[in-house]
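The letters A, B, C and D name the chains in turn, as written, and every chain counts its residues from 1.
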Amino acid sequence: MDHFSLWLAAFLTLGIISFLYKDNPWYKLTEAIFIGISAGYWVVTLYWDNFYGKFWVNKGEEPTLWIGAFFGFLMLLRLIPKVGWLSRWPLAFIVGATSGLWLMNYFASNIMVQVQATIMPLFSTGYGTGFDADFATIVANFVIFFGTLTGLVYFFFSKEHKGAFGVGAKIGIFFLMITFGASFGYTVMSRMSLLIGRIDFLFGDWLGMIQ
Amino acid sequence: MNNFLLISLSDIGVIISLIVIFGGLLWLFVRSIKAKEVDRRIIFIFIFVAVAAPILFPITFQESATEVVKGVYNKIENLPAGSRILISFDFDPAMAPEVQPMANAISAHALEKGHKIIFMSLWATGQALLSQTLETVIIPQFPEKEEFVDYVNIGYKAGNEGVLNVIVADFRQMFPTDVNSVPLDSMPIFYNLKSCKDLDMIVSIGGGKPGPKEWVLFVGDPGNIPMGVGVAAVVAPQLYPYYPKQVVGILGGVKGAAEYESELVKNYQKFEDMETPGLRMMGPQTLAHIVIMSFIIIGNVIFFRSRRKDGTK
Amino acid sequence: MKNIFSIPILVCLVISIPFSIFAQEKQSDSLIETSKVIAEPATSLIVSDYKYDNGNSLKLNWVPSIDDQLPAGKVTGYELFRSVNGGGFERIAEFPPQKNSFQDDKVEIGSSYVYYIDALSKDTATSSAKTELINPEREWFNAGKIPLLIMALIIAGSIFYFIETARRGKTLFVRKIAGLEAIDDAIGRATEMGRPILFIPGIQDMDDVQTLAGLTILGRVSKVIADYDTRIFMPVSRSLVMTAGRETIKAAYQSAGRPDAYSDDMVNYITDEQFGYVAAVDGIMVREKPATVFLLGAFFAESLILAETGNSIGAIQIAGTARPAQLPFFIAACDFTLIGEELFAASAYLSGEPKQMGSLKGQDVGKAIALIVILIGVIAATFSTAWDIAFMTSIYDFFTTIFSVSK
Amino acid sequence: MKREIPLFITFFVGTLLIIAVFIPPIENIEKTFTLFFDIIAVFAFFLGGGNLIRVHVHKLVNGKKDWVYSLVTLGGFALMLIAGLFKIGNDGGIAASVTAEGSWFQEIFNYVINPLQSTMYALLAFFVASASYRAFRAKNKEATILLIAAFIILLGRTPFGMMLTGWIPDSFSIFQIPNLAIWIMNSANLAGQRAIMIGIGLGVVSMSLRLILGVERTYLGEEGK
């Protein structure tokens, strides 16, 4: 990094950090640079990767790509109020494609796989291994089993959380809370690493205060 | 007590910054008893100081190794001298700050115990990092160790899990030569070593795919070879189910590296002055965690005090 | 004299040359015989059509050579050869010892193939018998996915059934969801305070279902906003989401009978860049000071940055995402959080339409099935593993098969 | 017609993709559709990028408050467009990769976008702290559990976890805080994650069906009955 880019990076870094105190002109300037440059970055990337790389280069061999381009063109008709309603066609296409695609994907990876993963013997470390688990593992197995079941109970929509069902849902929300608390606590460390990186940059690369 | 808390209070800056942080927290705690809320900007300053101070004036905390980390340490400690260990660098530069310290510490430990190391990588970008470890850690620290006898770098081969599938049965099929095209057959370290099954231990350091998990599934488990793993913190929970059966131990994130380094520093005179990037990174981490926990406590004190106040009204 | 004696010697030498060469040859021949390693070939090479594909792969199985033993058998590996439409054989793959199967997915429908495999030893290769001629076949139905199909039909069927039941007028009970009950109040509050409402549909494009979920909720929310005559502001990070968002809000204003109050300026594209977008939204939050913030869609690391900034300006925040890693941050920093499934159910719930409510009831059937399967499955797995009870083993096998996802 | 055709397109495309999972000859159709999506997204960018320019030019021309920043945004946008579309500074000219080392485009990315991204990301360290201060209060049972779980894990991530509980004999090592933290991550945490994931799966299936069947049509303009 030469001098200019180093000072530029430091200027931008401090501009963002200054937002923690309050909104100020320095932050506004940094934000404006960020928006302008990054939006430009994405237009160019989209143009070269998607339009040029995926469409323009292959349009001869793959005539079906013109269907995509046609839908894209319909999208632009929004600019003409009279035929603007045609832009709903590509939207409808996208909504249909996204729903259809993810329906089966989520079905397989979220429902089937997770249910299957939960079907485990309680007193063993794996299926078909006999009584080989220690106390902590057995407790963990029970916790996973009851936690998953009660967690599911919590999500039931068509039953009031009352009586035995309500107790199940209550336990379920407790498990969800442990999950949230634990993941929160666990992530703190990686978030700090990012700040360590920036402070290393400021005091080290920029100011040269770290030996 | 001093040894219990801190192993190096390098200079006056450390003491001042610690006084500032803990003095400030104490002041806030006293205020909290009067149920006074803390402005978020004050919290921000505390976090900044807690992270910046240990970077400027290195503060290192004594880490005591947890059992999962000791698992790897003890395995290397207890193998007879001359055992052959494979260490795979399965990470890229983005992951390196978190996991390379582990690779360095484990390699140094193994060489010091007189083991022989085969270095390799399943990641194309891992190769440069591997050379870096060799040049900056292994060679300067162990000038007496000979390449091809005590260690060798067989480099990277494309093919992800496919590579593992092959070397579990035959090394030379995948790696006929080392990274500099020296045939494996000419090296003493590879004498009588046909496949991974002839190794005494495998250590995989990484955090993505392919990585430690694939090593366990494709090599360690089927070949019944002792495995130690070092992983980025985010993926560590996914590996704990394999401990202690399929892996002898796990180093998770910077903390894992720091624990390993502190074991080395504690037990080996040679390593007393070694570079300990893991421990160094743990300084800001630990202080930041303490600050956050202190603020959780302060928040709760404020909550209970103000509830009492409201109750008496 | 010397010369006379030398002649027979010379002759003898000349005659002996071929013999000596012969002898040498003989010697080297025998040398080869003792050092050359010849491995037995692999046997029973069988090629079969790979089931459930589009006719683009064939499956090969063989029995490894009897000399292929670990750790130190004679066989060092295998090479597979293939002939296409009666042409010459070409090497297409090589394998380590002990390998006994391969899937050739570089075949085309309409061509015919013959294979043989070589067992390699240090010096030579011995070939197996050739396979029969085979043509890859195309299947029209992937029978390997029958379990997936059955489960999908059961769950989709129950959702469909309850939608229909509700359409026919049967009222179905749906419990209250706190985060959604709060929406009206949150909008009302913004109206009272005379401040705008900020709606963030996540940072992903329209190809993420969570964005779709966010937009369906936007439809309901903006109708209420139109009724209350409050301002809504929606910065987005994708152009397509901008278009879809405008369409959605416009429709809501129309159905609320206030099409004139709608303006395209309600929805603005910022930038596709994750943190650039976040920087801008943070700026908008502190400058516009919205009274209510909705964060509904796919969020990544920025979830907490947005939620904390929103909190610092004192906005009521209703968040929801299906990314488990980000839920803890919303739980910590927002007033109401729609957890996973609730995000997708929200629009149906808010619509109040019976048939939409019906689909929620249908989802519950799915949950009930999952509950029962886990309950019985775990019991079966436990008994089967611990006491080896055959009946339990078959239950376990049944469930794991039904819930397996094959390729 | 204005409504029927879009509804039909959604229904047709959605159903086709679901069926394709089971029919090998068309199982790759999702790839084609994904390509279509990418192409549509480029066209949509004309609208998005156009809107960006319109909004900022509007501010500039009308001399609204903070118009200077709009000028900076427009300048940055134009700079990137020129650098990237004409591949300025790329060795090998227009045929080179747009992100070639040394090109203006890549240099600006490295020296402007990169530090901005990582600093924005690093703000999380501060917000994590302020959120824990505020949110982890024992207001009720749920919040108390959230607090305890977070606190144990946090403690387990520092040397103090071991210091406080290191005296516990090894046979009960599970109660040593670092081990307890790991145990929680792999039991209760896992259970919660699974319940959430199964729920999400059902939620997606149900919402997708509503969209495909046209029960949910808020995105389409005129509200359904």
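Heads up, the rule we're going with is that a residue touches a chain if its C-beta (ideal position, glycine included) is under 8 Å from a C-beta of that chain, and two chains touch if they have at least 3 such contacts.
Quantities reported herein were computed from a predicted structural model and do not represent experimental measurements.
Colleague: By count of C-beta pairs in contact, what is the leading chain pair?
Modeller: By contact count, the leading interface is A-D.
Colleague: Report the chain whose mean Cα position is at the greatest distance from that of chain D.
Modeller: Relative to chain D, the chain with the farthest C-alpha centre is B.
Colleague: With chain centres defined as C-alpha means, what is the inter-centre distance between chain A and chain C in Å?
Modeller: Chain centres of chain A and chain C, defined by C-alpha means, are spaced 15 Å apart.
Colleague: Taking each chain's centre as the mean of its CA atoms, how far is chain A from chain B in angstrom?
Modeller: Centre separation, chain A to chain B: 27 Å.
Colleague: Whole-Å distance, chain A centre to chain D centre, using C-alpha means?
Modeller: Inter-chain centre distance comes to 4 Å.
Colleague: For chain A, which residues are shared contacts with two or more other chains?
Modeller: Answer for chain A, listing residues that touch two or more other chains: 16, 19-20, 28, 30-31, 34-35, 37-39, 41-42, 46, 75, 78, 88, 91, 94-95, 97, 99, 101-102, 104, 106-107, 109, 111, 115, 118, 145, 148, 152, 155, 176, 179-181, 183-184, 186-189, 192, 195, 197.
Colleague: Find every residue in chain D that makes contact with two or more other chains and list them.
Modeller: Within chain D, the residues that touch at least two other chains are 18, 21, 34, 37, 40-41, 44-47, 49, 52, 113, 116, 120-121, 123-126, 128, 130, 132, 134, 136, 146-147, 150-151, 154, 157, 185-186, 189, 193, 196-200, 202, 204-205, 207-209, 211, 219-221.
Colleague: For chain B, jot down the residues that touch at least 2 other chains.
Modeller: Those would be 40, 44, 47-48, 51, 237, 255, 285, 288-289, 292.
Colleague: Considering the complex alone, what residue numbers of chain A touch chain D?
Modeller: Of all residues in chain A, those touching chain D are 1, 5, 8-9, 12-13, 16-17, 19-20, 28-48, 50-51, 54-55, 64-65, 67-69, 71-73, 75-76, 78-79, 85, 88-97, 99-104, 106-107, 109-111, 114-115, 117-118, 135-136, 139-141, 143-148, 150-152, 154-155, 172-189, 191-192, 194-195, 197-198, 201.
Colleague: Name, in rising order, each residue of chain D that touches chain B in their complex.
Modeller: 125-126, 128-130, 132-134, 136-139, 147, 150-151, 154-155, 157-160, 162-163, 166, 170, 173, 176, 178-179, 182, 185-186, 189
Colleague: Please give the residue numbers of chain C that touch chain D in the complex, ascending.
Modeller: Against chain D, the touching part of chain C is residues 52-55, 138-142, 145, 148-149, 152, 155-156, 159-160, 163, 205-207, 209, 212-213, 215-216, 218-220, 223, 238-240, 242-244, 247-248, 250-252, 254-255, 265, 268-271, 273-276, 278-279, 301, 304-305, 307-308, 311, 322, 324, 327, 329, 331-333, 339-345, 347-348, 351, 353, 355-356, 359-360, 362-363, 366-367, 370.
Colleague: Can you name the residues of chain B that touch chain D in the complex?
Modeller: My answer: residues 4, 38, 40, 43-44, 46-48, 51, 61-64, 66-68, 237, 240-241, 255, 282, 285-286, 288-293, 295-296, 298-300, 303-304.
Colleague: With touch defined as at the start, can you tell me which chain B residues reach chain A in the complex?
Modeller: Going by the criterion above, the answer is residues 41, 44, 47-48, 51-52, 55-56, 97-98, 233-234, 237, 245, 253-255, 281, 284-285, 288-289, 292.
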